[in-house]
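Notes for the one structure printed next.
As written, the chain order gives the labels A, B, C and D, with residue 1 at the start of each chain.
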Amino acid sequence: MPTASRHAFVHRLPMRSPDDVSALATAIAQGTIAPAGIVAILGKTEGNGCVNDFTRAFAVRSLEALLGRHLASDAVRQIAMVMSGGTEGALSPHMIVFEAREADNDTPRAHAKSLALGRARTPELASEHLGRMPQVEQVAAGVQVAMADAGITDPADVHYVQVKCPLLTMERIEAAEARGQRTAVRDTLKSMGFSRGASALGVAVALGELASSDLSDQMICADYARYSERAATSGGVELLDHEILVAGMSADWTGPLAIDHAVMADGIDTEPARAALARLGLNVAGQVPAAERGRIAAVLAKAEAAQSGRVRGHRHTMLDDSDVSSTRHARAFVGGALAGLFGFTDLFVSGGAEHQGPDGGGPVAVIARRD
Amino acid sequence: MPTASRHAFVHRLPMRSPDDVSALATAIAQGTIAPAGIVAILGKTEGNGCVNDFTRAFAVRSLEALLGRHLASDAVRQIAMVMSGGTEGALSPHMIVFEAREADNDTPRAHAKSLALGRARTPELASEHLGRMPQVEQVAAGVQVAMADAGITDPADVHYVQVKCPLLTMERIEAAEARGQRTAVRDTLKSMGFSRGASALGVAVALGELASSDLSDQMICADYARYSERAATSGGVELLDHEILVAGMSADWTGPLAIDHAVMADGIDTEPARAALARLGLNVAGQVPAAERGRIAAVLAKAEAAQSGRVRGHRHTMLDDSDVSSTRHARAFVGGALAGLFGFTDLFVSGGAEHQGPDGGGPVAVIARRD
Amino acid sequence: MPTASRHAFVHRLPMRSPDDVSALATAIAQGTIAPAGIVAILGKTEGNGCVNDFTRAFAVRSLEALLGRHLASDAVRQIAMVMSGGTEGALSPHMIVFEAREADNDTPRAHAKSLALGRARTPELASEHLGRMPQVEQVAAGVQVAMADAGITDPADVHYVQVKCPLLTMERIEAAEARGQRTAVRDTLKSMGFSRGASALGVAVALGELASSDLSDQMICADYARYSERAATSGGVELLDHEILVAGMSADWTGPLAIDHAVMADGIDTEPARAALARLGLNVAGQVPAAERGRIAAVLAKAEAAQSGRVRGHRHTMLDDSDVSSTRHARAFVGGALAGLFGFTDLFVSGGAEHQGPDGGGPVAVIARRD
Amino acid sequence: MPTASRHAFVHRLPMRSPDDVSALATAIAQGTIAPAGIVAILGKTEGNGCVNDFTRAFAVRSLEALLGRHLASDAVRQIAMVMSGGTEGALSPHMIVFEAREADNDTPRAHAKSLALGRARTPELASEHLGRMPQVEQVAAGVQVAMADAGITDPADVHYVQVKCPLLTMERIEAAEARGQRTAVRDTLKSMGFSRGASALGVAVALGELASSDLSDQMICADYARYSERAATSGGVELLDHEILVAGMSADWTGPLAIDHAVMADGIDTEPARAALARLGLNVAGQVPAAERGRIAAVLAKAEAAQSGRVRGHRHTMLDDSDVSSTRHARAFVGGALAGLFGFTDLFVSGGAEHQGPDGGGPVAVIARRD
């Protein structure tokens, strides 16, 4: 087997509050995690995951403060930090730290390919391009850069693409209009959906799931039959470009970790995730038994309420509940379904799944340690 | 085999709104359900399941209006109607109609025992006895009457006991105090928990799960290590006595339906329910496949947030969420876990599980058609 | 003075729950209210006032059941029943019963004009006309019929027009499309706003506040600088036409009651309401003193969160709160502001104020007894 | 008149988000505020004001980061920072910066007394003393120290006492029990109420509103007829002692600012606040007119839902709403009532008013500039 140059580590750490970075601080102090190797940090924080969820920014601020004590501020800015609000039901607040180290080539490699990580940032997106084909194409190009960074050439080796994408604010809309341009939407909340949707379609194009020539502005956030099975996108007000993390399999990387993915057709469709586990070497009949749970490094899933108002023919009430947002309902319920399979609750289940899996369903990626 | 005298039917019917009784009206019109045979109706309605949930009363009013067109008002009052609010996540509003008919003894019976239903009402409970040992004993006696009504002699044949119990209002508290008595609590909301808890312990005593002599007033809603594995209790302001429904197995009943139960040790402990399914003849490795789902007549479960604040060592945030009640979180999450096993969403998952299963877990009863 | 033919009475009755009609039952039993004279019943019920608020339907069902014991079902259907959900803050659930009796002409009349009530129903609205100019015109025509019914000829004598208007359901949209028509919106929730907005503009046209020729389809739910100062509109799934109640002043009516109105420019603009009180003969410097409160028969107001996100230059957070709907915030806050003036809390403050007063403000009508 | 040594300034600054300290940064940059003179910062942040409100800590962290660039960390810690979550209705997020400067004795003083500020910290409170008489006495002693710091000798000159008090955590309870002590409560959320209540009674004792000898452990959070008219207390997990800010009138201070207070008997009792305004030289009949609003430096009020379930005899639904906490309802509603009087929305209305004003009412303090 050829020599690998890198080795990916994935650390799942608990959080006692949105600003609790003590587990990461301990891991750094003990040498378990080297700050310079951190590629990305994904976190589930305990806010409502909607507009007025300040737990995400609070967590990022706290991570930046901690890492700023170990790294130059430029290096801190390089780390993709994606906080997803909402730990409904018994979902447990946690962070997933993705770390890359140089491969130790004294140990012979046991696997032809291993978990590979790559990242990229796109140029800044013009506001009038948000939610339209130019965003799709810009993200598609960015994913290819991230794939190259990960050492992945075959799109089939990509199993998870996390994109943090910009959104419109009133100032940005007005600036575009001052330039004589019109944005896709004027509603700033809706712009988040359009940005997530176009970004997801960009992933689909980069991975060959969809052809750019088959897509159009009109389809974005309208024709949900077109989607990526491997995209997870989320919007943030703090950036104007896109921050992309690709996770897949590559011969350039070594180590026991591997990643695979599945698509849930609806909110209770857990069998595809079971099949992904099997492909990762974990054959389970019922729930993953306690002895095997330690092999699962991370579960990354998207949840949403079916627009049809039904799950397998039965009415759900998530879209009609004016007290609790449907995204909160969906995370709790899908979190329960997945926890019933995996046997633990610190699962990265996030909402807002436009063009990410079919209506009411969504992608699930699993990272596991092979024997 | 001895001749059976009765035959139980269980109908799971959808509801389009809290007052939608059209599916039941159709079933009556088509002769699928005979109003005179209805023993009990359990319903999941789409309110918040908490104090200001008026969907329960609205549903009961609508059922009474429909049944009042077919039965005398006395006969309507005989039917136990237990509405449970809260269809969080993708849980689906529905009602479960329990019907008893005379056995058709021309058809030879295929099973030694079949699903048996029995009901009872206790005397009115003095307000000062609520949440104390006299309530435990009164419910225990009532359960024995309902068992006799069901033709069940061995407590091991009982798998589900639904108790609707009274609660305290300010008027009732003051009336007790005027008689020189003190109630267990003066907080009317808390009185619901005490009534549910004492009722559940009453079930445990009747079924021999606990001995009355080992219990005391002090343990009620305090020592949650003592619980019933088969009780499901809920409070209602409209009654002063207890309305009890027992479901079990009896040679006095015939038909393909059978009931079994399991106890979830925590909110994701679905394997015991899988084992119960197997005992009912449904052996499934992953999710119940579509072809077999029709055999499952009803799933009746209790959900609650663990007071420990943890599920298998991981922190949950349900008890700290001041925007969404922990009971809503728990129903959504446990509903997802159970739907992941059963493959459908019209599951009767209710909250408020004092002394009903262990902290954070709860009983699950399954009624299924045998081949 | 000419002889009056009618005399209006207004009864403000408390509700202990959405289905509590006991105060009305008592008033009927005591002869205080004659069922045959009831023109309309407006109610504030304690649901969330949003999509899944079933307290409105529960209240209507209970009123129908009560009135059905006194009137033929046709006569019950004639009574306009408009339930508004949401008693946030200390707003108090109540109903306002509008009753018309024959004038007692033995008593000389003290006032040239008195509170006058009129009602009308329009033809059924084609779904493709909802939220468009044909609805504006249909409502305008209906208001004129109701004015005639009230004996009001001068639009300046109209102070309050309540319109209950239809909304779109998926079935109605599909039926329109099957006829080759396109509806103004396909989102059923949004159709409520469009129907309320077009109805309010219809009131404005009927009252001469706006000219139909200055309006267009494009302005509806877009140009909020155009509005009625006297409209209060609400949508209901149960009707296809419009149910209109006009309240104003007419020489055809006698009695001490009079109505006036004001427009709040924003959510704390209570001084115009104070001026309206003065025009009704109630001059108050601070809060209406206890001794005078009994003279106020009803306060009918609309509340909403300013789309600008500001009140007098200061940011509000109502539109960004994903836990509590902005309509709930607005009712609580405007309810507090008005209660601070009027000195009591059973105020009819409702939400959803498209084209009803300026952005963030709204109309207030006051009915008071003159000395 | 004797020479004053100090001069208090009060700055009301807007916040665009919980971590927005830009207005304070600008004021410091422009020399409007001298960081070294800051005595206290009170802030209204836009969280839910309940258990899982992280906007308070996020705001404090952001203030500390800003002030840490101007002051030594010890000096930052000296500043009392009290964030109150919840800007319901149109209440506007803002901070109130209290600053003390040396008096400029070249300008002759226009008033015998002016706004005076004093602060104190108590010793650490033993956990078993929380919610009991020793806490009452400790706070009473602390208030006297803060009064001395403010140069106030007559308790009648004190108009507002803000106390930030500790709460119990499971660790603190267990530590007390390990010492053989029992805490007043074991429920950590309830401990906040007990700490607030005992602290408020401590203020009452210090100000001579109540006598310590008339109080007992049993009365704390039970006998709400005993209360302070000038206390505002809030709990925080980050301290073990008490942080006390006293605001009153003293000859030791100069400048145009003065403070007075009133007590609302219920949530709509705005007339006492109007009288306080008059005592401060602002005589208004209706709403404070725009031209006078600039004279009002700060409004500090407490809001809560009446436990009686009624306001002036009319039922409110705040205590029965399981979707929205009663504290959120109360702040929105009382905020509306006060904004209707004062004419602006950046009012410091906070919840949790045990022993602070009568049941359902609460204290209001007003700081205004005299002519």
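The working rule: contacts are C-beta pairs under 8 Å (C-beta built on N, C-alpha and C of every residue); 3 or more make two chains touch, one makes a residue touch a chain.
Quick caveat, the model's predicted, so the values are computed rather than measured.
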item: Third chains touching both chain D and chain C; value: A, B
item: Far-end chain from chain B, centres as C-alpha averages; value: D
item: Same or different contact residues where chain B meets its copy chain A, judged by the half mark; value: same
item: Where chain B and chain D are represented by their mean Cα positions, the distance between them in whole Å; value: 48
item: Computed distance of Cα centres, chain B from chain A, in Å; value: 40
item: Computed distance of Cα centres, chain D from chain A, in Å; value: 43
item: In chain B, residues with contacts to at least two other chains; value: 46, 48, 52, 317, 320-321, 323
item: In the complex with chain B, residue positions of chain A that touch it; value: 14, 16, 46, 48, 87-94, 267-268, 270-271, 274, 285-287, 305-306, 311-312, 314-318, 320-321, 323-324, 328-330, 332-341, 343-346
item: Complex interface listing, chain A residues touching chain D; value: 17-19, 46-47, 52, 54-55, 57-58, 61, 323
item: Interfacial residue positions of chain A with respect to chain C in the complex; value: 48, 50-53, 317, 320-323, 325
